[in-house]
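The structures come next, written out as structure tokens.
Two complexes come next, and they have one chain in common, chain A, joined by chain B in the first and chain C in the second.
Right after this comes the complex of A and B.
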């Protein structure tokens, strides 16, 4: 009875998660939905998917733009966040510094964007790719710092020092021990930073002033235009990279954590 | 010869080490006894170059190493935890210091690591990961890795502190043997009186940031602050 209940609940949970994804995918294969049909999808049509491969496709450029922005933001935030978090972990002002890292979240990213807008316009960053990356970095980087501060511990610091006394310099302490030992945590943080940057809409829309057309910006645009089929295709593209990263992360992390006594 | 002269260190206004001076002959072990928080670790870290002293200097064979980076001092610091690198196997851990030395060939590195594993009786553990080893085995790998770095001085900060009594005793015997074979110069820090006596050729007592040195057990016994006489009396009473 207990096992049956567990199986049923599993099926329910998976259905709740997987069903919307499948539904959106099916929806993306149709066009010309007409009121009042609720379950009818309209005509089967894969034109939008075919147009995706077109070199002038807005969706394809949006996908690439989102990938570039999210990857750069995540790489910068993770690498700088990891190094900064060690300094904060060892600092006597740890609590004050951590409090300032919560600032963008307490304020909310959109409010932060509104506050920054004037400075971005003055600096010529408004509406540019670099501007959007800088803006995203300002919310993803503190997240990365907060994530890693909890990871640093005396064992890791001591290992770093041990490398020095064994004859390694600062660089080899990082590259040969600290980073390899922390790979599972770094990859998990990278995944989460990527997700934050990938799904960010408000901040990107405000500071990108509609010129930087990332996928989330396009989805909102299609919804505003009452174009659900394009929105469905864009949503499928939106979900694909995080799902792929989740799959890699899960498999890779369980393998690498197996032998880590730092777990 | 190691010569430590007038080393002082303050932490937020608290004087942890006060003009510490001592010297240590080559191939000898100085056991430093002291309570937790007495500045033992600080002293070792300063000698290793992991902490900077406020004043004083450290000379090795009359060369001042006080300002040198830790990797240039040839002083290996061993922590209470074995701190084996979890992403590497036992072989990887043993080969680690050898690989930092770019002049050695791959074959040479492999051979040296295998010889050390043989000597430490861990040859059958070479392909295991640190998480699969016992406490004693981990410490053996830790010693092996340190020895392969060819240090001039080995600093041991209560390395057997986390082991059970039986393993601890066997590791003490084991270390004495290795120390003799490899002619190691070392400073052994502990809060365990018996361990300090077993491990050292010379003894020191660190309290309130000051060190007292004793060149023999008799000298140490005379000083009531070390607690050695009390310990001897206790065992005598128990026997009698």
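Right after this comes the complex of A and C.
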């Protein structure tokens, strides 16, 4: 009885989790979903998907733009965050510094964007791709630092020192020991940093002033225009890369919670 | 030297922008700077504190956050034991909802729960309603029903994974066996052993997550009510109005919200650090 209840609960939870993805994908293949049709979904129409192949497609440019922004932000945040985290881990003021890392991270990104908007306008970064990347970096980099500080330990520091004792230089200590040993954790951090940048809407919309049309901005735009079919295609494009990264990182995923800054 | 550069860079990215933004917002709200600046005035602050609806929005956001955390906590608390053992595929599936952006979750729930949405159509075919107008207003309602639901489906998988980690690190299985050897029943173990440990170990996470939910933007923007509004929607709407005299109020609201959030986070994290160091 108990086992049955457990299995039924599991099936229910799996359905709640998987159903939205399947439903949105099927929804994106149709148009004219008139009331009261449930699964009829109106007319089968893959025009919107076909238009993705068009070089002038807004969805395609949105996908590429989102990928570029998220990848650059994640690469910069992971590399600089890893280097900074070692210094903070060893610092006497570790806890105070960590507290300050939470500042931009816990403030709602859209409120942070509002507070910084004037400086971005003065610096000429408002409405530009670089401006959005800089703003996202301000949230993702502290996250990366918090992530890696939870990873550093005395063993890793000792391994690094051993390289120096055996005649290696600082650079080879990083490239030959620290980075190869930390590969799974670096991949996890990259995954999480990519996802934070990939998901962001409010900050991008405010500092991009509608000119930087990433996928979340486009989904919002299509919903405002009462065009759910385009919004569904954009949603599928938004879900695909994180799921792909999740699939690649599946072996290490449970570890990611261990290092999550939300401790 | 390298250390100093990295620490300085870190502070420039984390502390300096937040401080600079807060100072500018505070000065703007006092009328000292900005396009409509006419010198020091407290009139905008009077509006923020007494008539703008700021506190209602803040309170509403925190209540939405608290309800979300409460529901997600108990869902995760009851389901995480199902996923502790096994191949790990069960745990992996919990990452799927975390890979779906809030904007997509909001859009999906909009399609599900709006007047002409999936649930409304299902109700029509079951004979519960005869037209979309009879379906109860769930999207954009005052209770924030779908806003809470959307946040719950994003939060409970994360909490589940987190509780599995606490369960393993705190060796709750051993404590359960010990309690049962002393004659505790299954429900006593659940309420008097498992629950207090999970709650105490996750309380900082719960507070931080509450702050995240209260500060969420896209979900209430699409699915939330117009009155009262969540604090981020309230602030942004004030900022984007045509009336320039609303801007100082928006800046003041952003400043006050940021201070409240920073105090909550500072207090809870300091406590957490002290606990980590064994001082509490």
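Definition applied: the second predicted complex is superposed on the first by the 239 of 263 C-alpha atoms of A that agree within 3 Å, B and C clash if a C-alpha of one lies under 4 Å from a C-alpha of the other, contacts with A are read in each partner's own complex, and residues count from 1 in each chain.
Heads up, the rule we're going with is that contacts are C-beta pairs under 8 Å (C-beta built on N, C-alpha and C of every residue); 3 or more make two chains touch, one makes a residue touch a chain.
Quick caveat, the model's predicted, so the values are computed rather than measured.
When the two structures are aligned on the shared chain, A:25 is found in touch with neither chain B nor chain C.
In the superposition on chain A, A:49 contacts neither chain B nor chain C.
By the touch criterion defined above, A:168 reaches chain B but does not reach chain C.
In the superposition on chain A, contact of A:151 is made with neither chain B nor chain C.
Of the two partner chains placed by superposition, only chain C is touched by A:223; chain B is not.
In the superposed model, A:177 makes contact with chain B only, not with chain C. Taking chain B and chain C in turn and counting the residues of chain A each one touches, the greater count comes from C. Comparing the two interfaces of chain A, the one with chain B and the one with chain C have residues 260, 262 in common.
The touching residues of chain A, counted against chain B in their complex, run 155, 158-159, 161-162, 164-169, 172, 176-177, 180-181, 183, 256, 259-262.
Contact residues on chain A toward chain C in their complex (touch as defined above): 6, 9-10, 13-14, 16-18, 20-21, 23-24, 27, 35-38, 80, 83-84, 87-88, 91, 95, 97-104, 106-112, 114-116, 118-119, 137-138, 141-142, 145, 195, 198-199, 201-202, 206, 216, 219-220, 223, 228, 231-232, 235, 238-239, 242-243, 245-246, 250, 253-254, 257-258, 260, 262-263. Residues 48-50, 69-71, 73-77, 79, 81, 83, 85-87, 96-97, 100-101, 129-132, 145-146, 149 of chain B are the ones touching chain A in the complex. Against chain A, the residues of chain C that register as touching in their complex are 2-3, 6-7, 9-11, 13-15, 17-18, 20-22, 24-25, 79, 82, 88, 90-105, 107-108, 110-111, 116, 118, 120-122, 124-125, 132, 153, 157-158, 161-162, 164-165, 204-205, 208-209, 211-212, 215-218, 221-222, 232, 235-236, 239, 250-251, 254, 257-258, 261-262, 265-266, 269-270, 272-273.
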